[in-house]
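The first chain written gets the first letter, and so on, giving A, B and C; residue counts start at 1 in each chain.
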Amino acid sequence: MSEPTPEAPRTEPDGSTQPQSVVLSVRGLRKHFVLHNVDGRQVDGLAGIDLDVSAGEHVALAGSSGAGKSTLLKCIYRTYLPSAGTATLRSPTGPVELTALADAELAAIRGRQFGYVSQFLRAEPRRGALDIVARAGIARGMDRATAVEAAATALRRLHVDESLWDVYASVLSGGEKQRVNLAAGTISAPQLLLLDEPVSALDPANREAALELISDLTAHGVAVLAVFHDLDAMARLASRVVVMRNGRIVQSGPPEEVLHHLEGVAR
Amino acid sequence: MTLVSAPRPTVLRVDRLGKIFGSQNPAAIEQTGPEVGSEKTPDGSSVVAAWDVSFDVAAGEAFGVIGESGSGKSTVMRAIAGDHSASAGSVRMRRRDGSTSDLLTMTQSERRALRVDELAVVYQDAADGLDLNVTAGGNIADRLTAAGGRHFGQIRERAAELLERTEVPLDRMDDLVRTFSGGMRQRVQLARALANRPPIVLFDEPTTGLDASVAAGVLDLIRSLLEELGIAAVVVSHDFSVIEMLTTRCMVMQHGRVVEQGLTDQLFEDPQAPYTQRLVAAARA
Amino acid sequence: MSATVSETIDWSIPTEGTRLDALVEPAVEAGILDEHAKRELRRAILTAVCVPGYQVPFGSREMPVARGWGSGGLQITLAIVGLDDVVKVIDQGDDEGVNAVNLRRLVTDTTGATETTEVSEATVIQTRHRIPEDALEAHQTLVLQVPVPEPLRGVERNIAELGRMHAEADYSRMWVSLYEDKVRNGVITKSTGYPCLVGGRYVIATTPIPRWDVPRLHRAPFLSLFGAGRERKIYAIPPDTDVEPLTFDDVPFEIEKTPGARCSLCDATEAYLIEIPPSDAAADDGRWICSDTAWCRRRRVEASQS
């Protein structure tokens, strides 16, 4: 099923894009944790993030562990409750303030207007891969036949062998699970896609196919905000790299520029 | 391009539900709760089993209620189911004809009529939701005839369909439920609960007491059914994995009060209240 | 106290022509039931007629028949007959069975009503097991002796719950038992006391009549009164009332029929026949005769006259 997609935006020299096609606008986002059971200790996750992601743009978050990359993604998806700031999704029906939405409304647009693909597959252990991916499509509003077809296409694309399609997900390897997860998360391209290390467990050949799929999404106008530990992947996919440290953005620019600095600082 | 989501209608709205056992003394409310550390008053004359409980559930959504024993979660479920009366609040339900009714103001017979095809309950102990001395098919026929079904062939067909969907072997359709294992009984209970396609289903500890592998199968089944049938569900459990697998939003109860409410994944990964953090940490351990 | 009262009252004062006279009329034979008892019974019967199929509780008296032997039917008959009534009593369709004879004599001796074995002459017909083959008319009343008035007894024991089920017309347990019966046996096997829906509202036990007689209750021109003495309940089917046997839409209600059976006395095939055990028969086994003895006898008389 194809629907008209917005034009891929023009990329400026500094890597930013035209404001009209901005899909996600993060302003002043903060997150701190209070660990009540560890004598009320407070931990700062994000110290104030301003970030825009436009349609057709792939923004990669880089930085060492603990820099706040996953925290940022989770705050946008609302798996974490932001402590302050806003994250606005510009949907076809108007701007949506994600941090202020009621739970039920947020649950309704998750998976539809914006999606999140984590490192790990979380599915019932006794479901087959095709079933998992097809159900993701059905949950997005596809009818069964279309969903099954789209699921088959996605799995083939990611080189998940047909013989595995009916096997219980619990017995799949880590790499197989991750590919199923990616297929499920991208089956119906949302406006905004958040990716949290979606290819970490894949070997080079499978990684290739996965990266191609992700790259295709941006070509079709999806706004992508992703965390990769893999510099190559970042170099290949990102139109802009944003470096984080201690919960702040410390650098932002096109990959050639930014990654050069990061080499040797990777991990 | 994305598929735009249409807002789903709220089907069940619980507003400041409360249940006090014993002396209906308003002072009992201040004397109990999480800050006090008990749902019983110091003099033991009242138990504030649940107080000020509010939440709503939309069609196709599963809402979880988590708590330890004494939290009030079962009280909430029974008040909605009509197995107990309530002391305060309202439970508004959207009816098939589009109107809204407050369950708590209905007569017992009106509530019983509701339980035929608008609200179903799946109990922890299948014996509470089934007649053990009747066959698997007969338990389902009970609901179908209660709804006015009078055609034997169609009743058989529908019963077989439901048993197949809940993965009960068809050659056991005419066996007395008494002869079934715990996991099979739960499946028959599910089939019976869904017989008349109720828009709302309450699950009370649906897999507690079952062996782990059996429980996994039943949970899996419940999850598929919820997805397929667009049911509005309330799932009560002390087991985090059950809540995590089945629900998108949930609330945590302690000593009869709601301690925290939110998206299920958020409650588990970023719990705010000290009690919730303790519970999650214990569950993760 | 002073001298005893009897010494000071003159009992020889005549009462004729005085007000006292009017009170001291020749007494009607008290019979077995006094007027209060009859009145209470009639009230119960009236309620039963006004709410077809509803089991009305009544103050069942001790009768000169043992409980379980027709005390309920007997009380109804005694409450409704008068000097102008003609009473027929049958047991298993037979007027001459010991029980039928005793009950009939009891009724006629204590009420002054007359007795008969002919349906056409009777105004009240009391029965334990059959509805007579002859069609009853609007002026006749059928009184049935009922051992177990509660149709749901097989599926529920708790009295409060039974009351609720009837009150809310919640007969799902009954339907389940019919379902289970059909599943287990391929057919619905209830033979007597088949549950029927009366006036679209209450389910009754048609005990003690066989399935053969059940269709004859539907929109019958006569009144049927059911009395259960031991259980203390009366219920009624007024004339022209719908009586539908409970069955599934695709499982037709069947009456008992043995193909080829005919009465060996009057040759009837379209009557309820009972089988004589082979040892009682002269030569052949499996002889059939009519259950309704009076009807059979009349047919034989008519046949020999023509």
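Methods note: contacts are C-beta pairs under 8 Å (C-beta built on N, C-alpha and C of every residue); 3 or more make two chains touch, one makes a residue touch a chain.
These figures come from a predicted structure and were not determined experimentally.
Both chain A and chain C are touched by B. When each chain is reduced to the average of its Cα atoms, C sits farthest from chain A. Ranked by C-beta contact pairs, the top pair of chains is A-B.
Note on chain placement: the centre of chain A and the centre of chain C lie 81 Å apart, centres being C-alpha means.
Distance from the chain B centre to the chain C centre is 50 Å, each centre being the mean of its Cα atoms.
With centres set at the average Cα position, the gap from chain A to chain B is 34 Å.
Of all residues in chain B, none touches two or more other chains. Those residues of chain B that touch chain A in the complex are listed here as 1-5, 7-8, 56, 58, 61, 216-217, 219-220, 223, 227, 245, 248-249, 261-263, 265-266, 269-270, 272-274, 277-278, 281. Residues of chain B touching chain C in their complex: 109, 112, 131, 134-135, 137-139, 141-143, 145-146, 150-153, 155, 174. Remark: chain C residues 164, 167-168, 170, 172-173, 175-176, 179-180, 182-184, 248-251 touch chain B in the complex. The touching residues of chain A, when paired with chain B in their complex, are 3-5, 33-37, 74, 78-81, 91-93, 103-109, 112-113, 124-127, 135, 138-142, 188-191, 221.
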